[in-house]
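The structure under discussion is supplied below as structure tokens; questions concerning it will follow.
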Amino acid sequence: MHSLLFYLFSFLAVAGGILLVAFRNPVSSALSMVLSFVGLAGLFIGLNAYFVGIVQILVYAGAIMVLFVFIIMLLDLNNEEKVKFRSSTVVLGIVIPLCLALQILGVIQSQDTKEFQPITEETLAAAAESFPEDGAIHKSLAHEKTPKLPDTNLIGQQIFTHYNFPLQVIGALLLVATIGVVVLSKRTAKTRPTDS
Amino acid sequence: MASLNEFLFVSGLLFAIGLAGVIIRRNIIVIFMSLELMLAAASLTLVAFSRYHVTDNGLPDYNGQVFVFFIITVAAAEVAVGLAIIVALYRARQTINVEDLNSMRG
Amino acid sequence: MSIIFVLIPILAAIAILCGCKARLTALIASGLTLILGLGSVFCWKADVWSVTLQVLSKPSIHLAMGFYDGMSLIMVLLGVLVLFTAVFAGKAPEGREKLYYSSILLIGAGGLGAFLSTDLFFFYAFHELALIPTFLMIGMLGTGERKEAAWKITIYLALGSIILLAGLIWLVSASGSETWLFKDLLASNIDPKAQTGIAALLIVGFGVLISLFPFHSWAAPAYAAAPAPVAMLHAGVLKKFGLFGLIRLYPMVSSGMQDWLGWLIVLLLCNILWVGFVTINQKRLDMMLGNSSVMHMGYIFLAFAALVQAGGAEANPIAIPAAVILMFAHGISIALLFLLTDVVRQKTGTVELAELGGLAKSTPRLAFLFGLAGMASIGLPGLANFSGEVLVFLSGFENYKGEGFGGVQVATILALWGVVISAVYMLRAYRQTFQGPAVPVTESARDLNLSDQIPAIILATALLVVGLYPNSLLSLLKKPPCCSGCDQSTEQAGQ
Amino acid sequence: METLAWIILGLPLLSAVTIHLGLKSSKNLSAYLATGSAFITLVLALIILGPETENRAFEWATIGDLKIEIGLQLDSFAKGMMIVVTGVGFLVHLFSLAYMKDDNAKERYFCGLSLFMFSMTGIVLASNFLMMFMFWELVGLSSYLLIGHWYEKDSAADAAKKAFLTNRIGDFGFMIGILMLWGITGTYTFDGLSEFFDGAHPKVLVPSVTILSVSILLIFMGAMGKSAQAPLHVWLPDAMEGPTPVSALIHAATMVAAGVFMMARLYTSIGVDTIGHLWGMDTIAWIGAITSLLAALMATQQDDIKKILAYSTLSQLGYMVMAVGLLDPDAGMFHLFTHAWFKALLFLGSGAVIYACHHEQNIWKMGGLQKKMPITFLTFGIGTLALCGFPFTAGFFSKEQILESAAHSKQWGLFAVAALVACLTTFYMLRLFFIAFLGKNRSDKANHAKEVGPLMFVPLVILAVLALLSGYQFLADNLSPLYNHEGFHVGAPFIASISALVVGGFLSWKLYFNAESDPLANNGLFKIFRNKFYIDELYAKLVGYAQDTVAAIVHFIDELVINGLIVGGFSRAAGGIGRIFGRLQSGNLQGYAALFGLGVILVIYLTVFVS
């Protein structure tokens, strides 16, 4: 990955994060979050994780952000109420993350780093050997003209071979979450008249 | 070219920013977003490690990316449920300011 | 299958919670256990009545139940008698019948289970099972300062149970036994150094459950606040669990107990004399009875101390039978007293001694039954407690050979003074409640009708039978100890 | 024979149970049933009179070698005592039929009487100390029930309680004594004791003389309670709150004498010679003497007819105990035997008077009854003479024997006390007699008195005959529990008792014959007598201060220290810690987040940078 792009996307992600925290208006915050996630997605793609990057944008920027904005609109919270931040929380909120960041920096500094090794066509071709020949992965890796990294396939292969059970669990979790959301919304709707 | 440590540093920075958001902000939706940011920071770490840990066949280690996939899924479910709870909470309390939501006070 | 004793009440409790008629179901269930209990007195045999079922392999825990020996049988008899009468005498508040009767049944089931278990784990667990509904009942359906009393008993007994559990686990691990079955544990040897520590934990743990001084202050308020059946079951049956456990586990830690003999004697004397004086100063009938039940635990402890001093059942063969008879007698008499106190409360609306008087005029039957129970509790010959107490005193002097007094003899003599003390408070209370000129609240009181009398009469009969002929119980103790798969016992039974 | 003895024991119990369970509504039937059972037992007791018979005991409680038995000791001693118990018992039952005719709770009364007959029979026939102890307590119970028969009266209820508790104190010692004796000898049956001390193991005695003495003194404590010896005598005068026939039966003739009986039983089991070697036996004699003297002094200034008799009972019991202490249980038992008849006579006579005077008990409100109630007057007079020891009445012979044994053992102090008491006895009994029966009527109630019916005077007459004759050999030989006839001779005792009689009689005649009020009432010394030496007050204070205050203090400490400081301290400490941590539980999300962040930093610091 080019350093320039790395710095660009990193800057996007970090700036988006800072803006997320800094904006008073929650809608602005939500948009800054998307900005941050776009930057992250860029970093993912730079790391040859195309699938994850795309999903990041699709899910976060597409679905989750919309959900956030939708809720904000629904609750009619255009502006954060004019409550002054307590200086103690602000100080704490800056000092603690700063310490954390410094610690992480310290840890990282003390470790040997790994340099980026680009994936060349040779490595791809070599990797193709370890996959069955009639599979899509092999075909994609060993394509004569444009050998590509079939990361979607690879992830899929990984999930469906090694992570089959967690996948089922995640499925169940989603189902439960769906039901839970329905129940939560419904119950509030029901109890509302009695509340008021 | 960016080295692994640079990615990790960006990830740590994002995590710290998310934490700062959680501590400083009072709007529960924004806190929620900050949490998402922290999750995403973790995802970045995983992807970075995945990419830099080259397996025997010369390809990235896809275990990390599988985790990220799971994280995103769980985060989506979490956001759905969490926002539903927030809506319910707002209906019950007419506020999403965490300072007003302190009925857990001991 | 002795597990039936536990299953019947539990199933009945479940049935009540599922909507069966509460009082009827409870009565049938407790009546069944009573019949079974009486039946088993006449025809118990080791292999027929026991069950062993492994429920956990490591640590090896069995759901083992059966009449381990005559002591279990007598305690079960006590349990079924008190359970039936408690159910019969219970008067649930309107709309709370389900909770009320199912709790009573569960307490009974727990007590019976503890006495029937031949596995240390279930021995402990069943007692805990019985405590939970006790707390609930006191806290939810009690009278007076019920919340405070419920918390007090909860915290005290929970603490005692934890200490006890620590002692039991230490005991099992120190014994090196593979299972938690009594027969395996009793066959093992424990290092004397470990015994000292285990004995201390057991004394404190069981002591809290029995309200041994200075862990006694939970008892009286709890019994005063508790609904009558709960007070009957707890003071009558559950409290005996501690003493039962001490006697049952004693052979494993005999030398360890010896190390604490001095303390034991001091504490039991405090139970008798100190609490005795506290009892004299009580102004309410229920508090007085609660304290008196604490005080009488001292006598059973005295038998235990005599056993410890002698160093074993062979050296002092009277001690264990004495303790068992007194446990039975005290259980019945205190249950009867609590039952009748509740009647006094219902009839007059008060249990303050100063507000009562002359009740015998309007309620002669109540006065007679109360007098009987009171006389029993102060050890009048012809009633069960005397049989127990006289045996306890004899056990105190069993190894006395006409020289200077040992600690146990001194304790026995001081404990005898406790008999005077108990006469003082009991007669004072009786005098204040039933004799003297009638006061307005007692003038209009109505006497017991027949159905009110039935439970009281059952208990009074038990008191009389054991009092007039203690051999009726003692002969049960003579049967050889039995447990499932216990080869030696079946041999003995065959002889 | 054996079955008959068991019937004697069982019949009254049967009667009591039947009355309680079945005959509550038919009051008269229950009265007849109880009286009938008393009569049958009397007949049976007369039938079984004779030499010792064997009897089979049944085991009451068995543990290994320990066998507690319920058995009957059917020797002539017990059988003789049975005559006293059943004889007085039957006559009292008979008397009660009339006396309690209009009582509301007649069935309860007769149930109590039957219960008493059962328990007293149990004491008398007991074959061992534990059995005796059981029945010992049971007579205490029946005494409690009968004293408290009119429990609506505060005074009766209190008296009943007092009697029971005082007896309990005595029983405390009794039980310890039994236990110690059991420890020393390994037996508690009377046969076993006599076997043990019968020279079979003489060596055993040597090291444990002290212990044995202590144990016997402790057993005597039981007798002190039951026979109301000082300082446990306070309950007996109060016990007069019970119906008068009860006083006659229980608190004059039988139960209070049980202490003497028990000591005599003990002496005969252990052997008087063995006892003679122990120390401290003089204590018994002196306790008896002091009780006897104190009670006689107190009796001189009582106005309640029953109280006078009660103190005189105390005094006579002191006599018997003195005889026991002088190692002459025969004399004690003989006096018990004669005393039972004439004291029962006096009590029943007083009952008749009280009945006739509509429950007036103050002798100063009586007077002139000799004309209104001639039979009562005559029999009461006989009783008085017997009690005073008038020559050739029953009391004379038995009192003589006690004086004799005092003289014989050269205990001149005791002898002097005994003689003084004899003098005082004459004094106060004649005082009673003069005031209540002679002179003129001093109140309307006495004026309207009529002679009682035959159901009442028949027992009086029978008892009067016995009061006159029971001292003679032909009766005493056959009936008296322990009778050791020694030829009557004139000696120091005779002179002492005659002069006591004369002096007492003269003083009483001088002071009280035709007196309108008590000439000694304002004398300071006699005021002390009137107030019973303030012993009751002292006890009331002592009990009030010692027991109740101790109880209050202990309760206070219990509440304050154990419940308040220790337990409460723990609970407060737990609560305080809880509050501290509760404050951390602010419910503030941001605070939690900050703490969480701090925690993360700390963990990283500790794991990465420290090591």
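Remarks
The first chain written gets the first letter, and so on, giving A, B, C and D; residue counts start at 1 in each chain.
The rule is simple: a residue touches a chain if its C-beta (ideal position, glycine included) is under 8 Å from a C-beta of that chain, and two chains touch if they have at least 3 such contacts.
A quick note: this is a predicted structure, and the numbers were derived from the prediction, not measured.
Chain pairs C-D and A-D differ in how many C-beta pairs are in contact, and the one with more is C-D.
Central chain assignment: C. Criterion: smallest distance from chain C-alpha mean to the mean of all protein C-alpha atoms. The centroid of the Cα atoms in subunit B and the matching centroid in subunit C are 59 Å apart.
Here the spacing of subunit C and subunit D, counted between their Cα centres, is 36 Å. Averaging Cα coordinates per chain places subunit A and subunit D 99 Å apart. If you average the CA atoms of subunit B and of subunit D, the two centres end up 92 Å from each other. Shared interface positions of subunit A, defined as residues touching 2 or more other chains, are 89, 92-93, 96-97, 100. Residue numbers of subunit B whose C-beta contacts span two or more other chains: 19, 23-24, 26, 99. Listed by chain label, the pairs that touch are A-B, A-D, B-D, C-D. Against subunit B, in their complex, subunit A makes its touches with residues 1-3, 6, 10, 13-14, 17-18, 20-21, 26, 29-30, 33, 36-37, 40, 43-44, 46-49, 51-52, 55-56, 59-60, 63-64, 67-68, 71-72, 74-75, 77, 80-81, 83, 85, 89-90, 92-94, 96-98, 100-101, 104-105, 108-109, 111, 113-117, 119, 123-124, 126-127, 129-130, 149, 151, 154-155, 157-159, 162-163, 166, 170, 173-174, 177-178, 180-181, 184-185, 187-188, 192, 195. For subunit B in complex with subunit D, the residues that touch the partner chain are 19, 22-24, 26, 28, 31, 98-99, 101-106. Within the complex formed with subunit D, the subunit C residues making contact are 155, 214, 216-217, 274-275, 277-278, 280-282, 317-318, 321-322, 358, 360-361, 368, 375, 380-382, 386-387, 390-391, 393-394, 396-397, 400-403, 412-413, 416-417, 419-420, 423-424, 427-428, 431, 434-438, 469-471, 474-475, 477. Put simply, subunit B touches subunit A in their complex at residues 1-10, 12-21, 23-27, 29-30, 32-34, 36-37, 40, 43-44, 47-48, 50-52, 54, 56-60, 62-63, 65-66, 68-70, 72-81, 83-88, 90-92, 96-97, 99. Per the touch definition, subunit D reaches subunit C in the complex via residues 20, 59-66, 68, 130, 133-135, 137-138, 141, 148, 151-154, 157-158, 160-161, 164-165, 168-169, 171-172, 175-176, 179-180, 182-184, 204, 207-208, 211-212, 547-548, 550-552, 554-555, 558, 562-563, 566-567, 571.
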